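Pasting the structures here.
In what follows, chain A forms one complex with chain B and a second complex with chain C.
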Partner chain A sequence: MSSVPGDAGSAPAAGPYGEIFDRGYQHYQGRREGRAHAVRALTLYSMRRALGVKKRWTAKIIPIFLYAAAFVPVVTIIGVRALVTQVSAQLAEGFNYSFLAAAISPLLLIYAAAAAPEMLCDDRRENVLPLYFSRAITRVDYLLAKVLALGLLMGSIAIVPLLVLFVGNTLLADAPLTYLRQHPGDIGRILITGTLLSVYYAAIGLVIAAFTARKGVAAALYIGFITIETGVVEALSLAVSGAWKDYLDLFSLGNVPDRIVQWLLGPASGAGSAPVGAPLQGWTYLFTVAAVVTVCGVVMHRRYLAEE
Partner chain B sequence: MTQPDTPIVVSRGLLKAYGSVVALDRLDLEVPPGAIGLLGPNGAGKSTLIKLLLGLIKPTEGVASVLGLDIASEGVQIRQRTGYMPESDCLPGDVTAADFVGHMAQMSGLPARAARLRAAEVLYHCGVDEERYRLIKEFSTGMKQRVKLAQAIVHDPALVFLDEPTNGMDPAGREEMLELINRIHREVGITVLLSSHILEDVERVCDYVLLLDQGRLVQHGTVSSLLAGGGDILVEIDGDRAAFAEALAARGAVVTTQDGVLAVRHTEDQVFDLVRDTAADLDVALRGLRVRSQSLEDVYVQQVAAASGGNDGVERAG
Partner chain C sequence: MMSLSRRAPILWLTLRQFRAGRATWLAALFAATPILLAVIHRLGSRSVSDAEFLANLFLEVLAPTVVPLATLMLATNALGNELADRTVPYLLLKPIARARIVVEKFLASALVTSLTLAVGLLVTWAVASSGAERSSRMLAALLGGTLAGMLAYGALFMLISLLIQRALLVGIIYALIWESALARFIPGVKLLSIRHFSQSVFVRLLDDPTVTLDRALQLPSALAVLVVVTVAALTVASLLLRRINAA
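Moving on, here comes the complex of A and B:
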């Protein structure tokens, strides 16, 4: 008798609770979905793995810490404002969207450094790519799923705490409906800011992770690259003079997220005015974000086209 | 599944070159459904051919189709209907077999619930039952090979490419893997394209063989046709061996002497009559008569040696 189950002619095993029949191999007759389904499946799978779901407890530490760091302050502040009404106005003024987004920005940097390698490095190190590429997806689909997965995770930290603050502001207002009427653009600005920051950090993180199979190396390279590049650009801008000096700020990768936050959410923002501390108008930084995302996308695409 | 007489792979002038290095040199193929062995030394172009047939790389010249789908423009559709088991380690360690195979089923288009059920069924059929809830990194090489096979067939493909499926397995595990592959092909009806350097595996499982060398197709056909007529009849006699050999050769037989025994090429069954009649005519007693069959290894060695003899100056992979 073979040790391979399901041999033809396997006899039903009679027992006190009934009989077990080996039905043999059955052909799949059910529904088959297309590429969009595969991209969705890979996106969810990648998100679960980056969050440490069904992995050892050490894999869950960084996500738990980052979510706690992003959500505990905003929930605490709203709670304090709700309970201690005397300090509500001062807290609301000091703890605004711009402040919260600026505070979250370093968390996004850390999150991208931790999660981007989770998205790509394991697949390369464990040689899983040939299995993915032998499925009914293209390499662009694979990258799209990874970008979506990281973007959604980053968005959950970049957007949701701000939305919680918005809900808190609305509920704690003297007249919530009036507050909503007076702040019609807040949700839009929160979504746009969060999306830009998520995509920006995710793109840089993924492109670095695409070139190494070691997660630790990718994380260190990512944080090192952003920090050193920003330092070099700032030093250069101090050393040079001339009208074009201000444009160096567009290349300061570590400062661009703060410029976007200040421009879209900051108190000094407005048409024709520069974000706080920035030499250029806010919309110019959109070009940096667009350029970085485009270059990273092209580089990743070329990198994965060459993958066997 | 596939129609019995419709070729599953057809190619015309299929050429793949990387710069000046020719990996596959104008392949003309018409491969029937069944179990197909892909043989060849390292660098013969086997992996390149599989990648081309999966639509993962584009041919430099020529056309080919798999299951009636063009490899250059319908790669995604081909991969929907095919499975692939790579030679190398390709499984993530910190996932259970059930989760991973289920995920691969979803990647092939099965809805989430169906994918989970299907993964459990296929893993069971591949001999991974209760172990499917264990992390893959805890598996032996044999179990990992089974999981690799399971992910290749979990979406019920019409054709599955198996690259060295018995690699690194112990004899018992190898037996079971070959039995599994046999069942996939004979009972389930999935066409198997088996790339292996273990000729015995191919001979046991496959009924059609493609033999590649230096990117060229040097031999193809059914295993029975390749082996037919290639063996020897070993003849032992009492009497003048040289005269007997001379008489056989004069009557058209191909005769050699090996370790003191006459070896008559078994080109057709009439050779037996020829040996008997010659012995009778020369009044020689026949002491022994046995057939030594040709193995696939003999064919392989002959063909590769013959193919390596000619050199046209083109730089080839390997």
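Moving on, here comes the complex of A and C:
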């Protein structure tokens, strides 16, 4: 009877039943870092992934192109102004904060299109969300970390080049300290503009990424949506007539960043788009930004609450 | 149907993949946006004539935005998804020549894209123009220009999708941002852009003295460019696919 395979596993009647073996498992004795640390770690990891750290070189092309496109012009202009003093004043006038910010705005659009899907799409596609949520972080923490990561990345392109220009302006001025005293609000305005633009582009990018499985499709949808929506609003403004026509400009999502830049940093020469009707007060575009960010936040929160 | 699945199995397979994926619907959505603009034109104050509207629509909306978006969506998916999902080995293990896989994949994406774009254009043309102003020449020019741009974008970016993972994003950056930047800053380089080539085909087919394009190509040279670009892209793509090991 003992040759029957199933027989070997059955316990002898006399022996103890349900013995506990010591396999050497140990309790974790180290520090427990908690939610805040988990959010920081996830933020850092998301940023590294979007930048293509430790990935194939093809994943790094777009970040490198974006950082080069954002920083090379400003560094070049400052260099030329430092070396060729005759053209310095003329260059300083043409290449001001507003011009630079309006030129960087399309780069932010590309950045959001490239990085936002990188934040959200793969985690859902590869079914690793349950792993995240079985850890210390909650769903809101997860979203917060992703928003923070994208915001920091985009801020590095929306704010830092302008700060470089500010430092350049200060150092190239005849009397740097006097220049600082004469332009006290510049840093504040640069920070506010960069933050508004980053948050605005990031919010739309993330909400689209939250509903698409493939990264490429999410990016295409994002850029396509913004471009076509802006085109439709422009066509609409040509077709209708009425007092409310000017307010259509508030809805042309692709042009709102230009308006914010023009409001906070002054008009730019030869950069940015013209409003569809009579120009509106600059602060009214804050409503668009606030509405877009709120709607995107709520939609994303709902989406991830329902996510299993 | 049976004969298609026998004669062109990869074509058949790709069409089935397109039917299952959501990218096809997105491409159709993009292809349908001109209809919205046509409706706005119809209901609006009619400050421009119908022919003028359609010509502007093609030169400023269709060729720069709608055609590349709708085309890239499927052209980069056809082979790119097989790479992303690591299903290329199963494809390559079949006793089918690599060149044939490339051609059939391209044909499938071109077929679906041209169908959606053609339907969108047909409805747009019917909505935007009425009565005496409805000209079949305009429709032919719209279809011809779109088809030319679609084929060139499709072949080129199917090749790119074999080379890099983010082909769709790179393609959109190229089509929407790079080509407009080129057109603005270096007018001569426009001759190398697909958008300009597709606009030239439109202008030449329309043959209307009021619709002009800076440095438009002649029709025969435009056709030559189309053939060269498509054949070269497909050839390089099949050479690249030949270098991938099946196992």
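Note that in this section the second predicted complex is superposed on the first by the 269 of 308 C-alpha atoms of A that agree within 3 Å, B and C clash if a C-alpha of one lies under 4 Å from a C-alpha of the other, contacts with A are read in each partner's own complex, and residues count from 1 in each chain.
Just so it is clear, a contact is a pair of C-beta atoms (placed from the backbone, for glycine too) under 8 Å apart; a residue touches a chain by one contact, two chains touch by 3 or more.
Keep in mind that what you see is a predicted model, and the values were worked out from it rather than measured.
S.K.: Hey, is it chain B or chain C that touches more of chain A?
M.R.: Between chain B and chain C, B touches the greater number of residues in chain A.
S.K.: A:219 in the overlay: touching chain B, chain C, both, or neither? Say first, second, both or neither.
M.R.: A:219 contacts chain C only, not chain B.
S.K.: Is A:114 contacted by the first partner chain B, the second partner chain C, both or neither?
M.R.: After superposition on chain A, A:114 lies in contact with chain C alone.
S.K.: Go through the superposed model and pick first if A:101 touches only chain B, second if only chain C, both, or neither.
M.R.: Neither partner.
S.K.: With the two structures laid over each other on chain A, which partner does A:228 touch: chain B (first), chain C (second), both, or neither?
M.R.: In the superposed model, A:228 contacts chain C only, not chain B.
S.K.: After the superposition on A, what does A:47 contact: first (chain B), second (chain C), both or neither?
M.R.: neither
S.K.: Quick check on the superposed pair: does A:238 touch chain B, chain C, both, or neither? Answer first, second, both or neither.
M.R.: After superposing on A, A:238 lies in contact with chain C but is clear of chain B.
S.K.: With both complexes superposed on chain A, which partner does A:56 reach: first (chain B), second (chain C), both or neither?
M.R.: It touches chain B and chain C both.
S.K.: Jot down the residues of chain A that show up as touching in both complexes, chain B in one and chain C in the other.
M.R.: Shared contact residues on chain A: 56.
S.K.: Which bits of chain A are touching chain B when the two form their complex?
M.R.: 2-8, 24-28, 30-35, 37-38, 41-42, 45, 54-56, 122-123, 126-128, 130-138, 308
S.K.: Quick one: which bits of chain B touch chain A in the complex? Just the residue numbers, please.
M.R.: 1, 51, 54, 56, 76-77, 79-80, 82-84, 86, 88-96, 99, 103-104, 106-112, 114, 118, 121, 124-125, 127, 129, 151, 155-156, 176, 179-180, 183, 187-188
S.K.: For the complex, give me every residue of chain C touching chain A.
M.R.: Interface residues on the chain C side: 22-23, 26, 30, 33, 36-37, 40-41, 43-45, 47, 61, 65-66, 69, 72-73, 76-77, 80-81, 84, 163-170, 172-173, 176-177.
S.K.: Which residues of chain A touch chain C once you look at their complex with the stated criterion?
M.R.: 56, 58-59, 61-62, 106, 110, 113-114, 212-217, 219-221, 223-224, 227-228, 231-232, 235-236, 238-241
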